[in-house]
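The chains carry the letters A, B and C, assigned in the order they are written, with residues numbered from 1 in each.
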Amino acid sequence: MLRQVVQHLEIGTRGRGFYEFTDEVAGVLAKSGLKTGVATVHLQHTSASLLIQENADPEVRRDLERLFSRLAPDGDPIFKHTAEGDDDMPAHVRTALTAVNLSIPFEGGELALGTWQGLYLWEHRRQAHRRRVTVHLVGE
Amino acid sequence: MLRQVVQHLEIGTRGRGFYEFTDEVAGVLAKSGLKTGVATVHLQHTSASLLIQENADPEVRRDLERLFSRLAPDGDPIFKHTAEGDDDMPAHVRTALTAVNLSIPFEGGELALGTWQGLYLWEHRRQAHRRRVTVHLVGE
Amino acid sequence: MLRQVVQHLEIGTRGRGFYEFTDEVAGVLAKSGLKTGVATVHLQHTSASLLIQENADPEVRRDLERLFSRLAPDGDPIFKHTAEGDDDMPAHVRTALTAVNLSIPFEGGELALGTWQGLYLWEHRRQAHRRRVTVHLVGE
(Lines give C-alpha, C1' and ligand atoms only; values in the text may rest on other atoms or scores of the structure.)
Protein backbone atom coordinates (compact mmCIF):
# COMPACT_ATOMS: atom_id res chain seq x y z
CA MET A 1 0.00 0.00 0.00
CA LEU A 2 1.31 3.42 -1.02
CA ARG A 3 2.08 5.95 1.68
CA GLN A 4 3.82 9.32 1.84
CA VAL A 5 6.35 11.17 3.99
CA VAL A 6 7.24 14.88 4.13
CA GLN A 7 10.44 16.14 5.72
CA HIS A 8 12.19 19.50 5.89
CA LEU A 9 15.88 20.17 5.42
CA GLU A 10 17.81 23.32 6.15
CA ILE A 11 21.03 23.79 4.23
CA GLY A 12 23.55 26.41 5.27
CA THR A 13 25.56 28.00 2.47
CA ARG A 14 28.76 30.03 2.67
CA GLY A 15 27.95 32.10 -0.38
CA ARG A 16 27.91 31.38 -4.10
CA GLY A 17 28.70 27.81 -5.02
CA PHE A 18 27.49 24.23 -5.03
CA TYR A 19 26.46 22.35 -1.89
CA GLU A 20 25.82 18.65 -2.40
CA PHE A 21 22.97 17.22 -0.34
CA THR A 22 22.42 13.84 -1.97
CA ASP A 23 23.17 12.18 1.38
CA GLU A 24 20.61 14.27 3.25
CA VAL A 25 17.84 13.23 0.85
CA ALA A 26 19.05 9.62 0.92
CA GLY A 27 18.85 9.86 4.72
CA VAL A 28 15.22 10.99 4.61
CA LEU A 29 14.51 8.08 2.29
CA ALA A 30 16.28 5.54 4.50
CA LYS A 31 14.43 6.76 7.59
CA SER A 32 11.07 6.53 5.80
CA GLY A 33 11.44 2.82 5.20
CA LEU A 34 10.06 3.28 1.67
CA LYS A 35 11.72 1.14 -1.00
CA THR A 36 10.09 2.11 -4.32
CA GLY A 37 8.52 5.42 -5.26
CA VAL A 38 9.28 8.99 -6.22
CA ALA A 39 10.94 11.82 -4.29
CA THR A 40 10.04 15.46 -4.92
CA VAL A 41 12.56 18.00 -3.66
CA HIS A 42 11.49 21.65 -3.55
CA LEU A 43 13.62 24.67 -2.64
CA GLN A 44 11.67 27.54 -1.08
CA HIS A 45 13.77 30.37 -2.52
CA THR A 46 14.16 32.41 -5.72
CA SER A 47 17.88 33.24 -5.59
CA ALA A 48 19.28 29.71 -5.28
CA SER A 49 18.40 26.58 -7.19
CA LEU A 50 18.52 22.79 -7.31
CA LEU A 51 20.69 21.00 -9.82
CA ILE A 52 21.65 17.43 -10.58
CA GLN A 53 25.19 17.55 -11.91
CA GLU A 54 28.47 15.68 -12.13
CA ASN A 55 29.83 14.79 -8.70
CA ALA A 56 33.36 13.85 -9.84
CA ASP A 57 35.67 16.64 -11.05
CA PRO A 58 34.91 19.84 -9.04
CA GLU A 59 36.19 21.83 -12.02
CA VAL A 60 32.84 21.10 -13.70
CA ARG A 61 31.06 23.15 -11.05
CA ARG A 62 33.61 25.98 -11.34
CA ASP A 63 33.10 26.00 -15.11
CA LEU A 64 29.33 26.16 -14.59
CA GLU A 65 29.87 29.20 -12.34
CA ARG A 66 32.02 30.88 -14.98
CA LEU A 67 29.55 30.22 -17.78
CA PHE A 68 26.50 31.38 -15.83
CA SER A 69 28.44 34.48 -14.73
CA ARG A 70 28.95 35.27 -18.40
CA LEU A 71 25.24 34.82 -19.20
CA ALA A 72 24.19 37.11 -16.34
CA PRO A 73 27.16 38.98 -14.79
CA ASP A 74 26.94 40.63 -11.40
CA GLY A 75 26.30 44.32 -11.93
CA ASP A 76 25.04 43.83 -15.49
CA PRO A 77 23.69 47.29 -16.56
CA ILE A 78 20.65 45.55 -18.11
CA PHE A 79 19.21 45.08 -14.60
CA LYS A 80 17.07 47.66 -12.79
CA HIS A 81 16.23 45.58 -9.70
CA THR A 82 19.48 46.42 -7.90
CA ALA A 83 18.38 47.50 -4.41
CA GLU A 84 19.26 44.12 -2.88
CA GLY A 85 22.79 44.06 -4.32
CA ASP A 86 24.39 43.62 -7.71
CA ASP A 87 24.33 39.80 -7.34
CA ASP A 88 20.60 39.61 -6.58
CA MET A 89 19.13 39.88 -10.07
CA PRO A 90 21.80 37.53 -11.55
CA ALA A 91 20.72 35.10 -8.80
CA HIS A 92 17.09 35.29 -9.96
CA VAL A 93 18.20 34.71 -13.56
CA ARG A 94 20.31 31.67 -12.63
CA THR A 95 17.34 30.30 -10.69
CA ALA A 96 15.07 30.80 -13.73
CA LEU A 97 17.63 29.07 -15.97
CA THR A 98 17.83 26.04 -13.67
CA ALA A 99 15.07 24.79 -11.31
CA VAL A 100 13.73 24.93 -7.79
CA ASN A 101 12.15 21.49 -7.83
CA LEU A 102 13.23 18.03 -8.92
CA SER A 103 11.48 14.65 -9.06
CA ILE A 104 13.61 11.56 -8.65
CA PRO A 105 12.31 7.97 -8.63
CA PHE A 106 13.76 5.52 -6.10
CA GLU A 107 14.08 1.74 -6.06
CA GLY A 108 15.50 -0.70 -3.55
CA GLY A 109 15.52 2.16 -1.06
CA GLU A 110 17.95 4.16 -3.25
CA LEU A 111 17.48 7.25 -5.41
CA ALA A 112 17.65 6.30 -9.10
CA LEU A 113 20.58 8.65 -9.73
CA GLY A 114 23.23 7.80 -12.29
CA THR A 115 26.80 6.99 -11.23
CA TRP A 116 28.00 10.57 -11.76
CA GLN A 117 24.86 12.38 -10.63
CA GLY A 118 24.91 14.37 -7.42
CA LEU A 119 22.08 16.48 -6.04
CA TYR A 120 23.20 20.05 -5.40
CA LEU A 121 21.85 23.21 -3.91
CA TRP A 122 23.36 25.95 -6.04
CA GLU A 123 23.67 29.13 -3.99
CA HIS A 124 23.65 32.17 -6.27
CA ARG A 125 24.09 34.95 -3.71
CA ARG A 126 27.58 35.91 -2.55
CA GLN A 127 26.56 36.02 1.11
CA ALA A 128 25.91 33.01 3.32
CA HIS A 129 22.27 31.91 3.60
CA ARG A 130 20.16 29.31 5.29
CA ARG A 131 18.05 27.60 2.62
CA ARG A 132 14.91 25.56 3.25
CA VAL A 133 14.10 22.45 1.26
CA THR A 134 10.93 20.31 1.42
CA VAL A 135 11.30 16.61 0.60
CA HIS A 136 8.15 14.66 -0.27
CA LEU A 137 8.22 10.90 -0.78
CA VAL A 138 5.41 8.72 -2.07
CA GLY A 139 5.88 4.99 -2.46
CA GLU A 140 5.84 1.71 -0.59
CA MET B 1 -5.46 6.62 2.33
CA LEU B 2 -3.85 8.35 -0.65
CA ARG B 3 -6.05 9.60 -3.46
CA GLN B 4 -5.60 11.79 -6.52
CA VAL B 5 -7.31 14.66 -8.30
CA VAL B 6 -6.83 16.07 -11.81
CA GLN B 7 -8.08 19.50 -12.84
CA HIS B 8 -7.64 21.68 -15.90
CA LEU B 9 -7.00 25.41 -15.94
CA GLU B 10 -7.12 27.79 -18.85
CA ILE B 11 -5.09 30.95 -18.52
CA GLY B 12 -5.61 33.86 -20.88
CA THR B 13 -2.54 35.94 -21.67
CA ARG B 14 -2.29 39.40 -23.21
CA GLY B 15 1.04 38.73 -24.87
CA ARG B 16 4.58 38.41 -23.56
CA GLY B 17 4.89 38.66 -19.79
CA PHE B 18 4.27 36.95 -16.48
CA TYR B 19 0.83 35.82 -15.30
CA GLU B 20 0.69 34.66 -11.70
CA PHE B 21 -1.65 31.72 -11.08
CA THR B 22 -0.63 30.64 -7.58
CA ASP B 23 -4.19 31.30 -6.40
CA GLU B 24 -5.74 29.15 -9.13
CA VAL B 25 -3.61 26.16 -8.12
CA ALA B 26 -4.27 26.85 -4.44
CA GLY B 27 -7.97 26.87 -5.31
CA VAL B 28 -7.76 23.43 -6.94
CA LEU B 29 -5.96 22.21 -3.83
CA ALA B 30 -8.55 23.73 -1.45
CA LYS B 31 -11.42 22.20 -3.42
CA SER B 32 -9.76 18.76 -3.40
CA GLY B 33 -9.81 18.59 0.39
CA LEU B 34 -6.29 17.11 0.32
CA LYS B 35 -3.99 18.31 3.09
CA THR B 36 -0.59 16.68 2.44
CA GLY B 37 0.85 15.54 -0.87
CA VAL B 38 2.44 16.76 -4.07
CA ALA B 39 1.06 18.88 -6.91
CA THR B 40 2.27 18.47 -10.49
CA VAL B 41 1.51 21.38 -12.80
CA HIS B 42 1.98 20.84 -16.52
CA LEU B 43 1.66 23.41 -19.32
CA GLN B 44 0.58 21.96 -22.67
CA HIS B 45 2.53 24.38 -24.88
CA THR B 46 6.02 24.90 -26.29
CA SER B 47 6.14 28.68 -26.58
CA ALA B 48 5.25 29.58 -22.99
CA SER B 49 6.60 28.18 -19.75
CA LEU B 50 6.06 27.77 -16.02
CA LEU B 51 8.30 29.53 -13.53
CA ILE B 52 8.47 29.95 -9.79
CA GLN B 53 9.89 33.40 -9.17
CA GLU B 54 9.86 36.38 -6.84
CA ASN B 55 6.36 37.77 -6.33
CA ALA B 56 7.40 41.07 -4.70
CA ASP B 57 9.14 43.69 -6.89
CA PRO B 58 7.67 43.49 -10.46
CA GLU B 59 10.99 44.89 -11.73
CA VAL B 60 12.42 41.38 -11.21
CA ARG B 61 10.12 40.04 -13.93
CA ARG B 62 10.95 42.93 -16.26
CA ASP B 63 14.66 42.25 -15.74
CA LEU B 64 14.08 38.57 -16.53
CA GLU B 65 12.39 39.63 -19.79
CA ARG B 66 15.32 41.86 -20.67
CA LEU B 67 17.92 39.20 -19.91
CA PHE B 68 16.12 36.44 -21.83
CA SER B 69 15.62 38.84 -24.75
CA ARG B 70 19.37 39.28 -24.84
CA LEU B 71 20.01 35.51 -24.81
CA ALA B 72 17.55 34.94 -27.67
CA PRO B 73 16.39 38.21 -29.30
CA ASP B 74 13.33 38.38 -31.51
CA GLY B 75 14.47 38.23 -35.12
CA ASP B 76 17.87 36.77 -34.24
CA PRO B 77 19.46 35.86 -37.63
CA ILE B 78 20.62 32.52 -36.13
CA PHE B 79 17.04 31.21 -36.45
CA LYS B 80 15.63 29.57 -39.59
CA HIS B 81 12.21 28.58 -38.17
CA THR B 82 10.68 32.00 -38.83
CA ALA B 83 7.40 31.24 -40.62
CA GLU B 84 5.32 31.72 -37.45
CA GLY B 85 6.83 35.12 -36.63
CA ASP B 86 10.14 36.47 -35.40
CA ASP B 87 9.13 35.90 -31.76
CA ASP B 88 8.26 32.21 -32.23
CA MET B 89 11.71 30.64 -32.13
CA PRO B 90 12.82 32.87 -29.22
CA ALA B 91 9.68 31.60 -27.45
CA HIS B 92 10.78 27.98 -27.98
CA VAL B 93 14.25 28.83 -26.66
CA ARG B 94 12.88 30.53 -23.54
CA THR B 95 10.65 27.49 -22.95
CA ALA B 96 13.66 25.17 -23.29
CA LEU B 97 15.64 27.34 -20.84
CA THR B 98 12.88 27.23 -18.23
CA ALA B 99 10.28 24.45 -17.81
CA VAL B 100 6.78 23.31 -18.71
CA ASN B 101 6.20 21.28 -15.59
CA LEU B 102 6.72 21.80 -11.88
CA SER B 103 6.24 19.59 -8.81
CA ILE B 104 5.37 21.28 -5.55
CA PRO B 105 4.71 19.49 -2.25
CA PHE B 106 1.84 20.70 -0.07
CA GLU B 107 1.15 20.49 3.67
CA GLY B 108 -1.70 21.68 5.84
CA GLY B 109 -3.66 22.22 2.65
CA GLU B 110 -1.10 24.79 1.41
CA LEU B 111 1.53 24.66 -1.32
CA ALA B 112 5.02 24.51 0.24
CA LEU B 113 6.11 27.70 -1.51
CA GLY B 114 8.56 30.08 0.13
CA THR B 115 7.46 33.54 1.26
CA TRP B 116 8.62 35.19 -1.96
CA GLN B 117 7.74 32.41 -4.38
CA GLY B 118 4.90 32.89 -6.84
CA LEU B 119 3.84 30.46 -9.55
CA TYR B 120 3.84 32.10 -12.97
CA LEU B 121 2.86 31.29 -16.50
CA TRP B 122 5.46 33.06 -18.61
CA GLU B 123 3.99 33.91 -22.00
CA HIS B 124 6.76 34.22 -24.58
CA ARG B 125 4.70 35.16 -27.67
CA ARG B 126 3.81 38.80 -28.28
CA GLN B 127 0.19 38.00 -29.13
CA ALA B 128 -2.51 37.03 -26.64
CA HIS B 129 -3.04 33.29 -26.16
CA ARG B 130 -5.23 30.92 -24.18
CA ARG B 131 -2.91 28.47 -22.41
CA ARG B 132 -3.95 25.11 -20.98
CA VAL B 133 -2.54 23.76 -17.71
CA THR B 134 -3.14 20.35 -16.14
CA VAL B 135 -2.95 20.16 -12.34
CA HIS B 136 -2.49 16.71 -10.76
CA LEU B 137 -2.63 16.24 -6.99
CA VAL B 138 -1.80 13.10 -5.06
CA GLY B 139 -2.03 13.01 -1.29
CA GLU B 140 -4.43 12.59 1.59
CA MET C 1 -6.77 2.26 -5.33
CA LEU C 2 -3.48 3.95 -6.28
CA ARG C 3 -0.57 1.81 -7.36
CA GLN C 4 2.83 2.42 -8.95
CA VAL C 5 5.03 1.01 -11.69
CA VAL C 6 8.74 1.54 -12.40
CA GLN C 7 10.31 0.71 -15.76
CA HIS C 8 13.70 1.31 -17.34
CA LEU C 9 14.38 2.48 -20.87
CA GLU C 10 17.66 2.55 -22.73
CA ILE C 11 17.92 5.02 -25.58
CA GLY C 12 20.73 4.79 -28.10
CA THR C 13 21.92 8.09 -29.54
CA ARG C 14 24.03 8.73 -32.65
CA GLY C 15 25.65 11.86 -31.23
CA ARG C 16 24.37 15.37 -30.61
CA GLY C 17 20.73 15.89 -31.42
CA PHE C 18 17.15 15.22 -30.39
CA TYR C 19 15.71 11.72 -29.99
CA GLU C 20 11.97 11.59 -29.45
CA PHE C 21 10.80 8.89 -27.04
CA THR C 22 7.19 9.92 -26.40
CA ASP C 23 6.05 6.54 -27.78
CA GLU C 24 8.34 4.57 -25.46
CA VAL C 25 6.90 6.31 -22.39
CA ALA C 26 3.36 5.93 -23.78
CA GLY C 27 4.15 2.22 -24.19
CA VAL C 28 5.17 1.89 -20.54
CA LEU C 29 1.94 3.64 -19.60
CA ALA C 30 -0.22 1.39 -21.84
CA LYS C 31 1.41 -1.75 -20.45
CA SER C 32 0.84 -0.58 -16.87
CA GLY C 33 -2.92 -0.47 -17.33
CA LEU C 34 -3.02 2.79 -15.35
CA LYS C 35 -5.49 5.38 -16.65
CA THR C 36 -5.05 8.47 -14.45
CA GLY C 37 -1.95 9.58 -12.59
CA VAL C 38 1.46 11.16 -13.00
CA ALA C 39 4.58 9.96 -14.82
CA THR C 40 8.07 10.93 -13.65
CA VAL C 41 10.82 10.48 -16.22
CA HIS C 42 14.42 10.69 -15.00
CA LEU C 43 17.59 10.59 -17.11
CA GLN C 44 20.62 9.14 -15.29
CA HIS C 45 23.27 11.31 -16.99
CA THR C 46 24.83 14.77 -16.75
CA SER C 47 25.76 15.40 -20.39
CA ALA C 48 22.35 14.83 -21.98
CA SER C 49 18.94 16.12 -20.96
CA LEU C 50 15.18 15.73 -21.25
CA LEU C 51 13.10 18.29 -23.05
CA ILE C 52 9.48 18.70 -24.05
CA GLN C 53 9.48 20.62 -27.33
CA GLU C 54 7.69 21.12 -30.61
CA ASN C 55 7.35 17.87 -32.56
CA ALA C 56 6.31 19.47 -35.88
CA ASP C 57 8.95 21.43 -37.83
CA PRO C 58 12.41 19.79 -37.28
CA GLU C 59 13.98 23.20 -37.93
CA VAL C 60 12.91 24.14 -34.39
CA ARG C 61 15.31 21.55 -32.99
CA ARG C 62 18.11 22.66 -35.30
CA ASP C 63 17.58 26.26 -34.18
CA LEU C 64 17.73 25.13 -30.54
CA GLU C 65 21.08 23.45 -31.29
CA ARG C 66 22.39 26.61 -32.89
CA LEU C 67 21.26 28.85 -30.03
CA PHE C 68 22.65 26.58 -27.29
CA SER C 69 25.91 26.29 -29.24
CA ARG C 70 26.17 30.05 -29.09
CA LEU C 71 25.50 30.14 -25.33
CA ALA C 72 28.18 27.49 -24.66
CA PRO C 73 30.31 26.73 -27.74
CA ASP C 74 32.44 23.62 -27.99
CA GLY C 75 36.00 24.53 -27.08
CA ASP C 76 34.97 27.74 -25.31
CA PRO C 77 38.18 29.03 -23.63
CA ILE C 78 36.16 29.79 -20.45
CA PHE C 79 36.17 26.05 -19.64
CA LYS C 80 38.94 24.27 -17.70
CA HIS C 81 37.31 20.83 -17.49
CA THR C 82 38.49 19.75 -20.94
CA ALA C 83 40.04 16.30 -20.38
CA GLU C 84 36.93 14.49 -21.68
CA GLY C 85 36.76 16.49 -24.92
CA ASP C 86 35.88 20.02 -25.95
CA ASP C 87 32.16 19.11 -26.14
CA ASP C 88 31.97 17.72 -22.60
CA MET C 89 31.69 20.91 -20.56
CA PRO C 90 29.22 22.46 -23.06
CA ALA C 91 27.19 19.27 -22.58
CA HIS C 92 27.13 19.82 -18.80
CA VAL C 93 26.05 23.44 -19.33
CA ARG C 94 23.24 22.46 -21.70
CA THR C 95 22.08 19.88 -19.17
CA ALA C 96 22.09 22.51 -16.40
CA LEU C 97 20.11 24.89 -18.64
CA THR C 98 17.44 22.29 -19.37
CA ALA C 99 16.50 19.32 -17.11
CA VAL C 100 17.11 15.67 -16.35
CA ASN C 101 13.67 14.97 -14.96
CA LEU C 102 10.12 15.73 -16.00
CA SER C 103 6.70 15.10 -14.42
CA ILE C 104 3.75 14.63 -16.74
CA PRO C 105 0.17 13.89 -15.65
CA PHE C 106 -1.84 11.32 -17.60
CA GLU C 107 -5.58 10.80 -18.11
CA GLY C 108 -7.60 8.25 -20.05
CA GLY C 109 -4.39 6.24 -20.35
CA GLU C 110 -2.66 9.05 -22.26
CA LEU C 111 0.06 11.52 -21.31
CA ALA C 112 -1.42 15.02 -20.89
CA LEU C 113 0.88 16.47 -23.57
CA GLY C 114 -0.26 19.29 -25.80
CA THR C 115 -0.83 18.75 -29.53
CA TRP C 116 2.66 19.97 -30.44
CA GLN C 117 4.55 18.59 -27.44
CA GLY C 118 6.98 15.73 -27.93
CA LEU C 119 9.22 14.21 -25.26
CA TYR C 120 12.87 14.27 -26.31
CA LEU C 121 16.17 13.03 -25.07
CA TRP C 122 18.61 15.74 -26.07
CA GLU C 123 22.07 14.24 -26.56
CA HIS C 124 24.74 16.88 -26.02
CA ARG C 125 27.88 14.84 -26.75
CA ARG C 126 29.09 14.44 -30.33
CA GLN C 127 29.70 10.70 -29.94
CA ALA C 128 27.01 8.02 -29.80
CA HIS C 129 25.90 6.99 -26.30
CA ARG C 130 23.51 4.60 -24.64
CA ARG C 131 21.37 6.62 -22.19
CA ARG C 132 19.38 5.20 -19.30
CA VAL C 133 15.98 6.57 -18.31
CA THR C 134 13.81 5.58 -15.33
CA VAL C 135 10.05 5.92 -15.74
CA HIS C 136 7.91 5.97 -12.58
CA LEU C 137 4.12 5.95 -12.76
CA VAL C 138 1.71 6.41 -9.90
CA GLY C 139 -2.03 6.35 -10.46
CA GLU C 140 -5.01 4.07 -10.88
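Assume a residue touches a chain if its C-beta (ideal position, glycine included) is under 8 Å from a C-beta of that chain, and two chains touch if they have at least 3 such contacts.
What you see is a predicted model, and the numbers here were worked out from it, not measured in a lab.
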item: Turn needed to bring subunit A onto subunit B - CA fit, degrees, nearest 5; value: 120
item: Type of subunit B:subunit C copy interface by residue overlap (half), same or different; value: different
item: Mean-CA-position distance for subunit C and subunit B (Å); value: 19
item: Residue numbers of subunit B (touch at least two other chains); value: 2, 71, 97, 99, 102-103, 138
item: Touching residues (chain side subunit C, partner subunit B) in the complex; value: 2, 36-38, 51-54, 57, 59-60, 62-64, 66-68, 70-71, 97-99, 102-105, 107, 112-117, 138-140
item: Subunit A-facing residues of subunit C, complex; value: 2-4, 6, 40, 42-46, 71-72, 76, 78-81, 83, 89, 92-93, 95-97, 99-103, 132, 134-136, 138
